[in-house]
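Step one of this worksheet: look at the structure below.
As written, the chain order gives the labels A, B, C and D, with residue 1 at the start of each chain.
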Amino acid sequence: MAASKASRLGEEYETPKAAPPPAPVRPRLTLDFPRDRIWKTRIEKVNAELVVLTYGTIVAQLCKDFDSDYVEVNKQLDKMGYNIGLRLIEDYLAKSNTMRRCSNFRETAEMVAKVGFKIFLNITPTITNWTSDSKQFSLVFDENPFADFVELPDDNRAQDELWYSNILCGVLRGALEMVQMQVEAHFISDVLRGNDTTEMRVSLIRYIDDELPPEDD
Amino acid sequence: MFFRTIFALIIINKAGGLIYNKTFHEAGLNKISTNDYLVLAGTFHGVHAITTRLNPVKAPSNRTSMQSGILTRPDPPSGLEVLESENFRLQCFTTLTGIKFLLFTDTTQANVDLTIRRIYEMYSDYVMKNPFYQLEMPIRCDMFDRKLLSYIREINNR
Amino acid sequence: MSHLAAGKTAGAKEAAGLRYPSNGKTIYHRPLNRTKTAELSQSSFAYLFSEMVTYAQRRVTGIQELEKRLNLQGHPIGLKLLDLLLIREPARSQTRPLNIISLLHFIKINIWQHLFGRQADRLEKSSNPDTPDEYMIVDNEPLVNAYVSVPREMSQLNCAAFVAGIIEGVCDGAAFPARVTAHSVGGKEEGEMWPGKTVFLVKFQPEVLEREALIGRA
Amino acid sequence: MSYYFAVIGTQDNPLFEYEFGTSKQGGDGQLRFSDQVRHLNQFVLHSSLDIVEEIQWTNGQLYLKAMDKFFNSYISCFITGGNVKFLLLHQPPGANSSNVIGGVGGIAATTTRSTSIGANPTSPQTEEAVKNFFTEVYDNYVKAIMSPFYKANMEIKSPVFRSRVAAAGRKYL
């Protein structure tokens, strides 16, 4: 299983070398608000099914508007997510009391998985499959609230073309762009497609440093 | 005499544009024109940008670099944070996304940090979650005004 | 009535249309009640709702059309919730609403409680003798509008049209076809207690009242 | 003993059909309807919709029990919140030749005929068994319609749903 997974993933990105030991992660949150406490005390909550059904109706509407052109639906979902990400980052920073930015991408991955996903979707995806240059990782979702109640259309295309939760890729892209990171994110597997896991690949393209001239060296 | 009073709030977008200004206590600060506020916002933004570059020479480089095989970047240097006159104090809070919240208060005002952070939370709720608000544009959100006013009133009447 | 195309004989090999994970886990394997009391952040809802409104806005020309679109997006949710909440009722109270009042109570109590964590604030019948087909569900502070400030030039708009669509879906599903619209009635003055107060106007089709009269007589 | 089960949409359109034989009293679950009978069954089921319409506004229960009879065929009904009907047509053994040959032939005779499920379509045991079958199907039906891609009155094509109905049939009938 592990071997087949590796070979499958191998098509998607550079062959992963044995990842170096993770860099020590300095805590970026004030001790007053560890993440479980944030979820319990600082987050206004609503019934999960309201959120899940609302997402479902958005995806269904897009499929209708774009005549089941799933490639286009993926794009639209990513775009919506991007717009959300641009705004959601402020909530993330305000609620988590984050005062300093992550010093490297490994730290960013930790914050995304353990704080971001926790406070917005109450899940903590697993970070895995780092590349040796620490610029790409995967988020593996054991649980995906958006996919509750979902069975993709049986039209011989949806399971090959539609990434049902694609909005999440856009959210990551938008949110990280606002804190000066250009990333690329896409799903490489989804249990809704019949895969055994739901996995998103996230890559750092570059740090956006607007106060410095573009790197010339 | 007014002690412990919040006079006004200004919000400046990433590009230095004034996107919000509200005076809470008419008797506290003399009225200045919207144009003056625009100039104030732009000027503060510019001065802030220059002060972020005014680092002691020996400070570690501000550049992204490789450290033990990982691309690393340091925290951005903070710029001007407080400006004080005989009659008021101006505190600036810059978010990691580059928005500046400027709070004008009485010079003896306590807990300004907390107040600004609470305002930031309101901004993230009532501005950023409003489908009719366009990023970087002037803020016209009834709900934000209402929540902000009642919060500040509570502090000023304390 | 014609037979459906799918295989009819017991034990027939299922047409392998959809693929499933090797652990076999599908929606059919998860208990329906798994997420009954689960919670997610209100922010997540707010962002999705906000994007739904923004997206809808790009595809319409007027406020009425925008409300219609939001209504359409809520409608299927109402249809689904009707059965989802019914199946979760204890067996003895598991009954279909047979008249307008029990249907509206189901909406005011069960639907609201489930979606918004509290009942709707009021339920009223139109006092106008000309409109015996109209009912009003009042929400002082619709959760969907928690962070929404409608610009002045669009003051006719109430984004809770989405909720109106959910209500309409419940009514249509239960065979009480109706048109449901959302109206802002909160005062705009400062110090107003419920500036976002919303009335959901439920207008039933004539056949619903006719049937109700028939059943009443029986 | 053979069964014909159908889910009927609000426009009287079929959303799902499934025929099966009993698995009780040594039944092998195989269908024993002749082609002729199968054709007739659809007609019988459809005509019972009129009766359903009569009683659905006087009885708010989901399970309406055996509410119609056509010669020796009994039709049990269950109505969902969304007014979709589950109809189950069942014939007691001996009702027609195809049944005698099959389902009942293999009876192990540990139970008497009068109390066995199906032998007496209106007995409390049968009512209970059919109810359990409907309840289990309802659970799966709700899962099917919860999918955002499911629209009202759409045919239910999921193979998992079909296998779930089959399993409920084996379990209770």
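What we mean here is this: a residue touches a chain if its C-beta (ideal position, glycine included) is under 8 Å from a C-beta of that chain, and two chains touch if they have at least 3 such contacts.
A quick map from chain label to UniProt name: A = NO signaling/Golgi transport ligand-binding domain-containing protein; B, C = Trafficking protein particle complex subunit; D = Sedlin.
Predicted model, so just to flag it, every value in this text is computed and none were measured.
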Query = If you tally contacting C-beta pairs, which pair wins, A-B or B-C?
reply = A-B
Ask   = Between chain A and chain C, what's the gap in Å when you average each chain's C-alpha atoms?
value = 30
Query = Quick one: chain B and chain D, Cα centre-to-centre, how many Å?
reply = 68
Query = Could you state the distance in Å from the CA-based centre of chain B to that of chain C?
reply = 41
Remark   = By the touch definition above, chain B meets two or more other chains at residues 125, 129
Query = In chain A, which residues are in touch with two or more of the other chains?
reply = 53, 55-57, 60, 87-88, 91, 149-152, 154
Key: For chain D, residues contacting two or more additional chains   = 143-144, 146-148, 157-158, 160
Remark   = Touching pairs of chains in this structure are A-B, A-C, A-D, B-C, C-D
Task = Please name which positions on chain C make contact with chain D in the complex.
result = 1-4, 6-11, 14-18, 20, 26-28, 30, 32, 76, 79-80, 82-87, 94-98, 173-175, 211, 215, 218
Query = Inside the complex, what are the residues of chain A that reach chain D?
reply = 53, 55-57, 59-60, 63, 149-154, 158
Ask   = Okay, in this complex, where on chain D does chain A touch?
value = 143-144, 146-150, 157-158, 160
Query = What does chain A use to touch chain C in their complex?
reply = 43-58, 60-61, 65, 76, 80, 83-84, 87-88, 91, 119-122, 145, 148-152, 154, 156, 159, 191, 193-196
Query = Which residues of chain D touch chain C in the complex?
reply = 10, 12, 14-21, 29-31, 42-43, 45-46, 56-58, 60-62, 79-83, 138-148, 151-152, 155, 157-164, 166, 169
